[in-house]
Every structure is written in C-alpha cells, then in structure tokens.
Amino acid sequence: MSSKSSGWVNKATAVLVKDIRTELRTRYSLNALFMFAFTTLVVVSFSLRQAALKVDILAALYWIIIFFASMSALAGVFIKEEDTKTAQTLKLYAKPSVIYTGKLVYNIILLLLLCLLVTPLFVILMDVSVPDPLPFVVVILLGAIGLAGATTLIGAIVAKANVRGALFAVLSFPILLPLLVAAIGGTNAVLSGDGWIGAENDIKLLIAYAVIMIAISVVLFDFVWNG
Amino acid sequence: MTSMVRKALQFGLFLLLAGVIWFSFSTPAPQQQIGQASRIFYYHIPMAWLTVVAYAVSLIFSIKFLRTKRELDDYRALWAAEIGTMFCVLATISGSLFAKVTWGVYWNWSEPRMLSIFLLLLIYGAYLALRAAIPNPERRGILGAVYSIFAFPTVPFFIFVMPRIMPSLHPTNSVVNQNLKFTMGLEVRLIFFVSLFCFTVIFFWIYFLGVKLHRLKLEHAES
Amino acid sequence: MSTISLQAAELRKEFGNLKVIKGLSFSVAAPGSLGVTGRNGSGKSTLMKLLAGIESPTGGKIILKESENEIAPENHFHYLKMVAPEMALYEMLSGYENLQFFARLADVEWSRKQADEMLARVGLAGRGEDLVGGYSSGMKQRLKYAVALLPSPKVLLLDEPTSNLDEAGKAIVKSVMAEQQKESILIVATNEAEDLKGVEQVIRLGE
C-alpha cells in the first residue's frame, strides 16, 4: 500500500533527523571524526614534507586517513543508543529496517561530510595535482558510501559487545579490504591521469560492493537489533 | 559404526597419510623450476583448502543457528571456526615459508592468494575476538553468526575477482593454473589427491569428535 | 470494538544455567489488568521485557490476538507500549522533540496543541521546551508516560510504575492505570502493594 511505504520513508527520516539533531547538539562523533582526520593529515603532511610522493602513495594515504577516522566515530550512532538505554525504547516504536535505514543514511552523510572537508585539505597540504576532478570525486563518493554501508551493521554489532573501539576496527578491517583495494586503486588511477577508463574496474567494484554489503546488512540487521 | 570397523578405518587413514609423507619426499619434486621446496604443495594446498571448507561448515551452522537458536548449532559453528583457524594459521605459515624459499620474501601483498589466506585469518580472528567480547551466550551466538555471514562475501571476492586485477607471483601455469587444471604427472596427482583426502578426513574427524563431546556434555548437564 | 487478548503459554527464560522464568502461563483480555509481583530478582522485569518483545523467550510463546486473529511477533510493538526503568528517552532532545519523534514513528498525528495536552496530563505543562537531560528523575518518569500513552496502546506495560514519583505523580499514574483498564489491557510489575490496588489478577513470581 502506498501509504505504508511512504510511512516507512517518513519514519526512517524521523530516525535520521533525530540522530542529526542530537549530533549537532553534542558534536560527539563529529568532533572525533574531524579531529582525528585532521590530526592524521597534518602529521602525515608534515612528516612527509621532504618526500616527493608518488601518486600511488598519495592514494593510499588518503584512504588510510579516511579509514582510521571512520573507525574512531562510525559506530557511535548505535553505541549511543545502547549506552543511554534508548535502544530498548526505540525497539517498541519502529521496525528494524526503518532504524537501519535511518542510521545508514546518517553514517553516509557523516562520511560524505568528512570527505568533503578532508579532500580539499589533502589536495592542498599534500600538493596533489588532480588531472580530472569528476572521476576523482566519483571514486571518493562511492568509496565513502561503501565504507558507511559496510560499517553500519558492524557498528550495530559492536554496540552490543564489550570492548567497542578496538573491536570495531578488528571486525571492520577484513570486511573493508575489498573496498579499500578498489578505492585506493581507483584513486590511484584517477590521480595518475588515467581518468574514467583507468578507474573503470575499480568503480564497478565499488558500486557492486556497496550494493551487496547494504543488501546483506538489511537482512542481517533484524537479528542484531533483536538479538 | 562398530568399534572394529572404526579402528580399521583409522589405521587405514594412518597408512595413507604415512604413505603421503613418505612419497612426498621420495618422489621427484613436483615442480622442476622451483625444485625441492615445491613439495610443500602437497601440504600447503590441502591446508588452505580446509580453511575454506571449515569456514563453509561454520557458515552453514551460523545460518542454521539463526533459525533454530539451538546451542548445539552455535557450538558447531564455533568449533568448525576454531579448527579452521588452526588450518588457516598452518596454511599461512607454510605459504610464507614457501614464498621465502622460492621468491625470497616471506610476504608479498601483491600476491592475491596470500591476500586471500590473510583475509581468512583476519576474519577468523575477528570472529573469535567478537565472541570473546560478549558475555551473554545467546547474544554471542547470534552476533557471531551475523558477522560470519556478513564477512563471507569478501571471500569469493578475493579468491575470484582479485587475481584478475592483480599480477601474481604464484606459479600459475606450472603446476596448477588459475582454473585448477592439473598439468602434472600421474604420480604427483596421486600423492596430492590422497593428501587432500587425508587432510579432509582429519578435519571432519576432529570436527565430529568435538561436536559429539559437546553434545555429551549438554546431555550430562541436563541430567 | 475489537478485543485484544494477551496470552503467555509455558513461558520460559533461561540465561545459560540460570532459569529465571519456568513454565509460566496466564492470559488477560481487554478490558482487563494483570499484576506481577515477587521479590527482587524473581524475574518481574524479565517477564515484562518478554511481553514487550524486547527479549525473546527460551521456550513457550506469547500470543497476542485481536478479535481472535493472532498477531505476528514482529508486529506486536504496534499494540504494546511500556514504561520501565531501563527504557530511557533522548536526553539531548526536548520534551516536545521526544514526543514528536515517537509520534512520527508510531503514526500518530502530532500537533503542538496535542503535545501540550499530553504534557499537562502527566504534569509537565510548560516544560516541553527543556531538554530531557535537564529533567529531574520524576519528570523523566512522567515524560515516559507521555511517550507511552501517545499512540493509545492496546496493551500498556508498566514496570515499577511509581518509581521516582512524588504524591502528585503517583496520583497521575493511578488515573492512567484506571483509564487503561477500562478499555484495554494493563499489566503492572511492582513490589508496591499500593500500585496493585484495582488490578484484577495478580501473579507472584519466584516461588
């Protein structure tokens, strides 16, 4: 029924808005995310100032920064709910798929915001020349979406366990390996000037990865949320 | 299966494995270019194979557990994963030694199969770390199962997609090429397959023993 | 008018070797009420969580029916709402924002006027703009009632209903309980005998 499906979108949006509103007031994840990324970037840039960096190293460094920054903050959206005991309340008001969608979009927005801020800084501080901006932006966008897509479910898992921080990185890394390989490869190809053609395989992989991981997450999230 | 038959089969397995070990060293090295070190192929590949088999078994029971919520199913998933971890460590070490002898380096990230076995090691490690971090048994089983299932898609990705993208150090057309067609002599093939068979039997033997032991424990606890 | 009924059949909950709830069965139909009592640790909160669907039983079933049609477990939450110590509200949102959020999720028409009415009902008039983090524990408890009553739940579960409440708060709870029993189902878990006044059946856990 159309009213039911629009209700679903409406509710997921409510979850999203609630999380954004809360985040803007506490700035907890935002601070962690940006501070971490910025600090790492500055350390990298400063330490390597004498080095003439080849494109493949720059591509790798970029995603290392994004990866570690994500590890510091992306599980927050679920950990907060468990720690403040609002998760149990939420269970009585919304279906798992609604909650997952809201939180997934939140993580995607968070990560896109991070990339938006880090990328120009990276280009400037590391003196990167970007031959063709459009494929560069597309690779980063897809990488960010895939990253958020894969780690949202893991964040939900970690929120229900003990060790949290270290565990989030340990669980995420193997699952993110294909994404990192494709993202670094694609960024490398694009910055080397190979443009769309050079990055084609990597872009296809990034899209496939995001689609598959999000689809599986939707199915598995029920078990995590209700477990 | 009567005790006599079982003992006979176990002795048969012992003989087979002894034969494998003997012949793997007494026959000419399977791969001429690499030389003596290529003998590791008889052991390393079965170990790597079982790492994957163990994951498959663990995965099947993870899925089953999510449906049945029976503790025994969760144990099956865990036990298979523990045995798989052992084989994975063995495969990684044997692969690394082989790499050192043939290519001069203990590790090379560009080699897709090294990457694959490393990935499996990471997944197993993460799975066990996750389980260790959850005190509630039911939740532990559920979250472990979910992770196991979620991590699975990365495995075929690495085994099938990566080699097409990256250049490989693995001897491809010499003994085993990418499509696993065997371009080797009858003798080598025989020893290899018997070895593979023996290792597989050992895996399932350990697996079923462990499950049986656990089941007995459960029954004993109930009475 | 549709009739709601809730039935527990041979309910069991075990944590490893610890058997908290052993083979519990009861039923309650609308309009009606049920009290759950027992010493600390007897499983009252656990039972409430099972009924709410927040935790799943180790054995047995919880059957919720509307006009004799059984409702699937994943849809139970549409009919049940709960007020409990372990269920918190969003402290970084205001009273109004909490109400609006949960109203949206529950498909309830929301307007400022209705929110004000609800806040007045639970004795929080004029406090809607303040962040819940700044509320006293008694105020938080009252807001929990506001949030739970928003969708006019067919089954209202109350775990320790008067905790943190002063006399005025307790009176409000009494009136809420009385209203709920008139048309729907009320289930109360408590050790306060005062809270159980007016409840039809009472089950004791733990013995």
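Per-chain residue numbering starts at 1, and chain names A, B and C are given in the order in which the chains are listed.
Heads up, the rule we're going with is that a residue touches a chain if its C-beta (ideal position, glycine included) is under 8 Å from a C-beta of that chain, and two chains touch if they have at least 3 such contacts.
What you see is a predicted model, and the numbers here were worked out from it, not measured in a lab.
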Between the pairs A-B and A-C, the one where more C-beta pairs touch: A-B
Going by average Cα coordinates, which chain is farthest removed from chain C? B
Taking each chain's centre as the mean of its CA atoms, chain B sits from chain C at a distance in Å of 51
Per the C-alpha centroid definition, the whole-Å distance linking chain A and chain B comes out as 32
Centre-to-centre distance between chain C and chain A (centres being mean Cα positions), rounded to whole Å: 37
The positions of chain C in contact with two or more other chains are 56
Flag every residue of chain C that touches chain A in the complex, lowest number first. 49, 52-54, 56, 74, 77, 80-82, 84, 86-93, 97, 101-102, 104-107, 147
What residues of chain A sit close enough to touch chain B in their complex? 153-154, 157, 160-163, 167, 170-171, 173-175, 177-178, 181, 185, 201, 205, 209, 212-213, 216-217, 220, 223-224, 227
Residue positions on chain A within touch of chain C in the complex are 7, 10-11, 14-15, 18, 21-22, 25-26, 84-86, 88-89, 91-95, 98, 226
Contacting residues of chain B [partner chain A, same complex]: 66, 115, 119, 122-123, 125-126, 129-130, 133-135, 138-139, 142-143, 145-147, 149-151, 153-154, 157-158, 161-162, 165
